[in-house]
Every structure is written in structure tokens, then in C-alpha cells.
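So, here come the structures, one by one.
The following pair of complexes shares a single chain, chain A, combined with chain B in the former and chain C in the latter.
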Partner chain A sequence: MRNTYLRLLQLVTGALIAVLLGIHIVIMHVDAILGFFGVDAAKPTSWGAMIERASQGIWAGLYIALLVFVLYHAFNGLRNIILELTPSVKTGRIVTWVIIAFGIIAFIGGTYVPVALLVS
Partner chain B sequence: MKQIRPRQNYLGAGGWVWAGKYKLERYLYLLHRITGLGILLFLLIHLCITTIFRIQGQDVWEATIALLRNPWFRFGEYLVVIAFIYHGLNGLRLILQELGFALGRPTPPIYPYKDSLRKKRPWTITMLAVIAILAAVVLFDFIVGGW
Partner chain C sequence: MTEDSTKRITFKVQRYDPERGSAPYFQEFIVPASRGMTVLDGLLYIKENLDSSLAFRTSCRMAICGSCGMLINGYPHLACHTQIEELHAATLSIKPLPNLAIIKDLIADLTPLFNNHKSIKPYIIRHDTEELLNPTAEFVQMPQELETFQQFTYCVKCGICVSACPTSASDKLFLSPLTLAQCYRYCADSRDEGEQERLPLVDIDHGVWHCHLAGACSEACPKGLDPALAIQLLKRRLVSRALGLGKKKRPSSVVSPPTETKPKVPFPEFTVKGS
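Our next item is the complex of A and B:
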């Protein structure tokens, strides 16, 4: 039953990532085409543009939400692949806990900087 | 008494690159897995750049961005965008089919049989065409934006 919920969450986070990461990629990487349609993305990777986005709560919230969904989706996907290769229950349990630990470290590291930039 | 064994369809490690007697959808599944692992690798690098390098200030950030302007990194970036487009659209197809959409109406089993894979294949081909168009659009952007 637990795996059913993990699987369902994989589908839900997948759909949410498609939307949020779609926004992220269009703004960060399709700036030439955005310019053609009259939207000025103004060098999205420049320090000024990055700091301006980082100082707005909505962007910080969007990035942190995206980070949570992506980390779950990616690490749960990785866990599924590894568990397919390791039939032992004990090994599977170790893999699960190592992946959870990695996910928490990545979440703390990935959240600290946007929050620090937002409050500075 | 003769024991009936289940059909052997386990492809083992070779199944990561070779689909055996399975069709197009199996290769889409393999590519889904490979693109997923590729995106995960990129995610870890991306997280390092946007945390460790970004927090060190403007000079380090601009030096990092200048390094990433290298054509090889730009090409890698393009591959990541294409991988995301593929993984996202194929994932959407998998979600819809898992929830029972786009499976077609049930039909009586009259020869020549039409299994569910073949019934939904037009949708799959359409999805691949959309991916190809988006890949071309993003390639155009990368070229216009300075490879």
C-alpha cells in the first residue's frame, strides 16, 4: 500500500514539475524567442536579473516548491531503478535511507541560498 | 506431469539498451529512464552552481556563467532541455494511460487483432512529432542566442 502512495505521488509531482520547470526553462533558456514576441527577459542569467528574481517572494517560493517536487520525483525514480536491481530487502532498506539522507541534504542546501538571498 | 513454465521475457541488464521482441514503447521506456538519470545528474550540478557558487558573490557567479558560455556546455544544456521535453511529454503520456485515458474503445477479438498498444500508437507518434518540433524550436533559440 505504501508503494501505491509513493507511485501516486510520483505521478502528481511529475505533472507539477512539468508546469513549474516549463516556466523556469522558458524564462531562462528561450529568451531569444521571448524577445521575438516582445517579452524582454533581459539576460536572465546575469547577476542583476538573478538578484532581482531572488528578492521577490513569489520566485523564491516557486523555486523552493520546484526543488521539493524535483527532489522527490528524482530520488524516488532513482530508488525505483536501484530496487529493481537489488532483490535483497535489507539492501533495499539501506538504499532507501541513503536516498532519503541525500534528499534532505540537497533540500537544505538548495533552500538555504534562496532564503538567505530573500532576507538579505 | 509436464510443468508449464511462465514465458521467459526477462531481458536482464541487456534490456537497458535492447528491447528484444518488444516494440516502440519499450524503447520509449528505456529513453525515459536514461533521460531521467541524465536530468538527475544535471540537477546535482545545477544545485551546486546555484548554491555554492552563487552565495560567494557577483564575481564568482559571473566567472561561472562565463565558463558555462563555452559551446560544449551550451550543447550539454541543449541536450538537457531536449531530455526534459522528452521526459515530460512521455511522462504525461504514461500518466494519461495509467489513469485509463487514450486507450480506445474495447473491441471484439476478431482477426486481425488490434491490441491496446497499436490502438494508442497514433497518440504516441503525435507525441514524438511534438517533441521533434519543440526540439527544433529550442535549437533555433540556442543558435539565435549565440551557440
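Our next item is the complex of A and C:
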């Protein structure tokens, strides 16, 4: 059932990305509309606002979760495409491990700032 | 066959002989075609009258054996099931089925296809082996249960779905629509208990989840089956098992056939009798 679980996770992460990315888009890029409704977003794309959000546990958690879901969704999708063009099972295994390694590196790089801010 | 109803059709046939080692090339034949004549009839005319070295598979001539699958004017068909007239073309391009190796001329190598098919255990599996091997009675199956998989029993294993499938074209290890549809056919059979053995065989990297649902297999199938539907239903079964959903049905029980048959309806007396 391994491939079934992987495919189910692909669907679930897709739905979760839609929710979390929706929150991100609304906060970051729809400040003018929020302002229209009386919500003061106070320049959400400024460096200071980003650092402030990243140092708050709930926002850091939300962004780390979004990163995890995006990385899984993107790299698993990429793996499926590459595997389709991979003529042997052995090469497929190498592709899987290379993609896992890339995913871990991207995760460490992406979570470094919020984790460092939370720790400090 | 009158002269008026006969058209001269050019058959552009792909030739390939591995013993000669040359690349595939096209050879043209002029075939007199009349109404009702199939592409297979045209090929048989070539073999009998123009070039006896032309190689192609054929057997039943009535779309039952699945031998004469080939690419006719860029689309996979059974040659015996395709009339020349319905193609509305003065020139027919005939090639072996794509996505499969060529043995000679129009003969594609179906061995990998049959091996894949064999790998998913395409037969009824039951735990009561003794009853299966030495049957004493019949397995009960309701018409509603039969309907869930009946259309997939009509598959003739011609390989046309594989040649139409875009995934089979790019993924040489893909199990193929034929294999996956047959896997569903046996898993859905109420007499079968082999689902637990079969599902792991299709839940692999190049298995059921690599189907993109292009639907080309269903469109091309000469028997009118819907392998794409079977693959989707197979995915649903896999998800249900993975999440522990769905009812586990007991396999059909065994009942003895009726020993006594009803008396036959008496033959009616003729109202007009001879003198």
C-alpha cells in the first residue's frame, strides 16, 4: 500500500497547500483589500513585519507546515514524472534518494530563519 | 465483385525483417477493394497475390481472437474489424502496434504484455482450494454482482489499449491498461478471494498510480470496454483498503445445481395439418 499512501498524501498536501497558501496570499499581497475592509495590515511585506511574524510561534509553525507540504507535494510530483521516464528499477531507487536528499536540504534552508528566531 | 463497385486502394505497409538487419521501411501495394472488405481482407489479398513474404497475425476474422491489432492510418484497430470503406481514404498506412517491439513486418511482440497480465494472477483465487480444483457444486453469483465486472471479461488481449496508452509510450515498465483492467476484473468478482494477493502487485512505482486517466485505452478498445474506468475503480479499491473503509464481503458460497429440472413446455400442435 506504499504507493497508495504516497498518492493520498499528495492529495491531502494539495488541499492543505490551498488553505495555507490562501492565508499567506491574503496576508502578504491583499493588504489593500484588507485595508478596504478596515483591517490594518501595516506593510506585511516589509522586512521588519516578516521577521516579527517569523518570531511568533503560530506564524513560524504555519510557515514551516506550508514548507513541509509544498516540499512533499512538489518533490513527490517531480519523482513521479522522473520515474515514468526511468527505464529501470535501480535508477528509480537512485532518483528517489536524490529527491529525498534535495527535500531535506530545502527543508533545512527554509526553516533556518524562523527556527533561529524562535531559539534566540 | 463488379468493376463499378471496386476501388483501387494503396496499402502502404511497413516492412521490417530483423534477419536482414535493415531499418523498417514502407512498401506500397495496390489492392482492389469492394464494399464490405476489411483491412485484413486487403492484407490477405496482398499475401495471396502480391507478396507472400508479408508477415502479420490473424486467426478468427471476427474480432474475437485479438490477433490482428495494428496501426491503421495512425490509429490502432483490429484489421478484421475495420472496413476499408469506413476509413474514407485512397491510401492506407499500416504499421505494427506502437509501444511494443516488432518481431517482423506487422507482428508486434506481445510477450511482455502477456507476462504482465500473468503477473497479476488473472484467475479466480479461493481459500477452499479443494472445492476449486475438484468442484462439487457451483459458486453463487447474482446478476448485480456480475454487472460490476462483466464488460471486462470481454477483453480479447489484443494489446490495442497498450498501443494507445500515452503512459505505456513513455514508461516502458508501466503495467498497462490491459493488466490493470484485468486485475480489477478478478478483484471485483464475487467468487474471488485473491484481492489481498493482487493489490500489492499493482500498487507499485510503475503500477496503477501511473495512469494519467487520458482515456485513450477506452477510446481505442475494439470491444467497447472501458479499461480507464476499471483502473479508476481499482484505485478506489486501493484507497478503501488503505483507509480501512468499505465492507469486506464474503466470497460467494457454493450451492449444488438443481437436480430436478422443470418439465419442458410441450411442443404446440400445428393448427394447419396436412391432409
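Keep in mind that, in the parts below, the second predicted complex is superposed on the first by the 120 of 120 C-alpha atoms of A that agree within 3 Å, B and C clash if a C-alpha of one lies under 4 Å from a C-alpha of the other, contacts with A are read in each partner's own complex, and residues count from 1 in each chain.
Going forward, contacts are C-beta pairs under 8 Å (C-beta built on N, C-alpha and C of every residue); 3 or more make two chains touch, one makes a residue touch a chain.
Here the structure is a predicted model, which is why all the values come from computation and not from measurement.
Engineer: Given the touch rule stated above, what does A:106 touch, chain B (first), chain C (second), both, or neither?
Structural biologist: first
Engineer: Give one of first, second, both or neither to describe whether A:89 is in contact with chain B, with chain C, with both, or with none.
Structural biologist: second
Engineer: With the two complexes superposed on chain A, say which partner A:77 touches: chain B (first), chain C (second), both, or neither.
Structural biologist: Touch status of A:77: first partner only.
Engineer: In the overlaid three-chain picture, which partner chain does A:4 touch, first (chain B) or second (chain C), both, or neither?
Structural biologist: Second partner only, chain C.
Engineer: Go through the superposed model and pick first if A:47 touches only chain B, second if only chain C, both, or neither.
Structural biologist: In the superposed model, A:47 contacts chain B only, not chain C.
Engineer: When both complexes are superposed, which of chain B and chain C contacts more residues belonging to chain A?
Structural biologist: The larger set of chain A residues in touch belongs to B.
Engineer: Is A:97 touching anything from chain B or chain C once the two structures are fitted on A? First, second, both or neither.
Structural biologist: Neither partner.
Engineer: Could you list, by residue number, the parts of chain B that touch chain A in their complex?
Structural biologist: 33, 36-37, 39-40, 43-44, 47, 50-51, 54-55, 58, 61-62, 65, 77, 81, 84, 88, 91-92, 95, 98, 137-138, 140-142, 144-145
Engineer: Looking at the complex, which residues from chain A come into contact with chain C?
Structural biologist: 1-8, 80, 83-85, 87-89, 92
Engineer: What does chain C use to touch chain A in their complex?
Structural biologist: Counting only chain C, the residues touching chain A are 167, 170-174, 199-200, 203-210, 238-239, 241-243.
Engineer: Under the stated contact criterion, what part of chain A meets chain B in this complex?
Structural biologist: 11, 14-15, 17-18, 21-22, 25, 29-33, 45-47, 50, 70, 74, 77-78, 81, 106, 109-110, 112-113, 116-117
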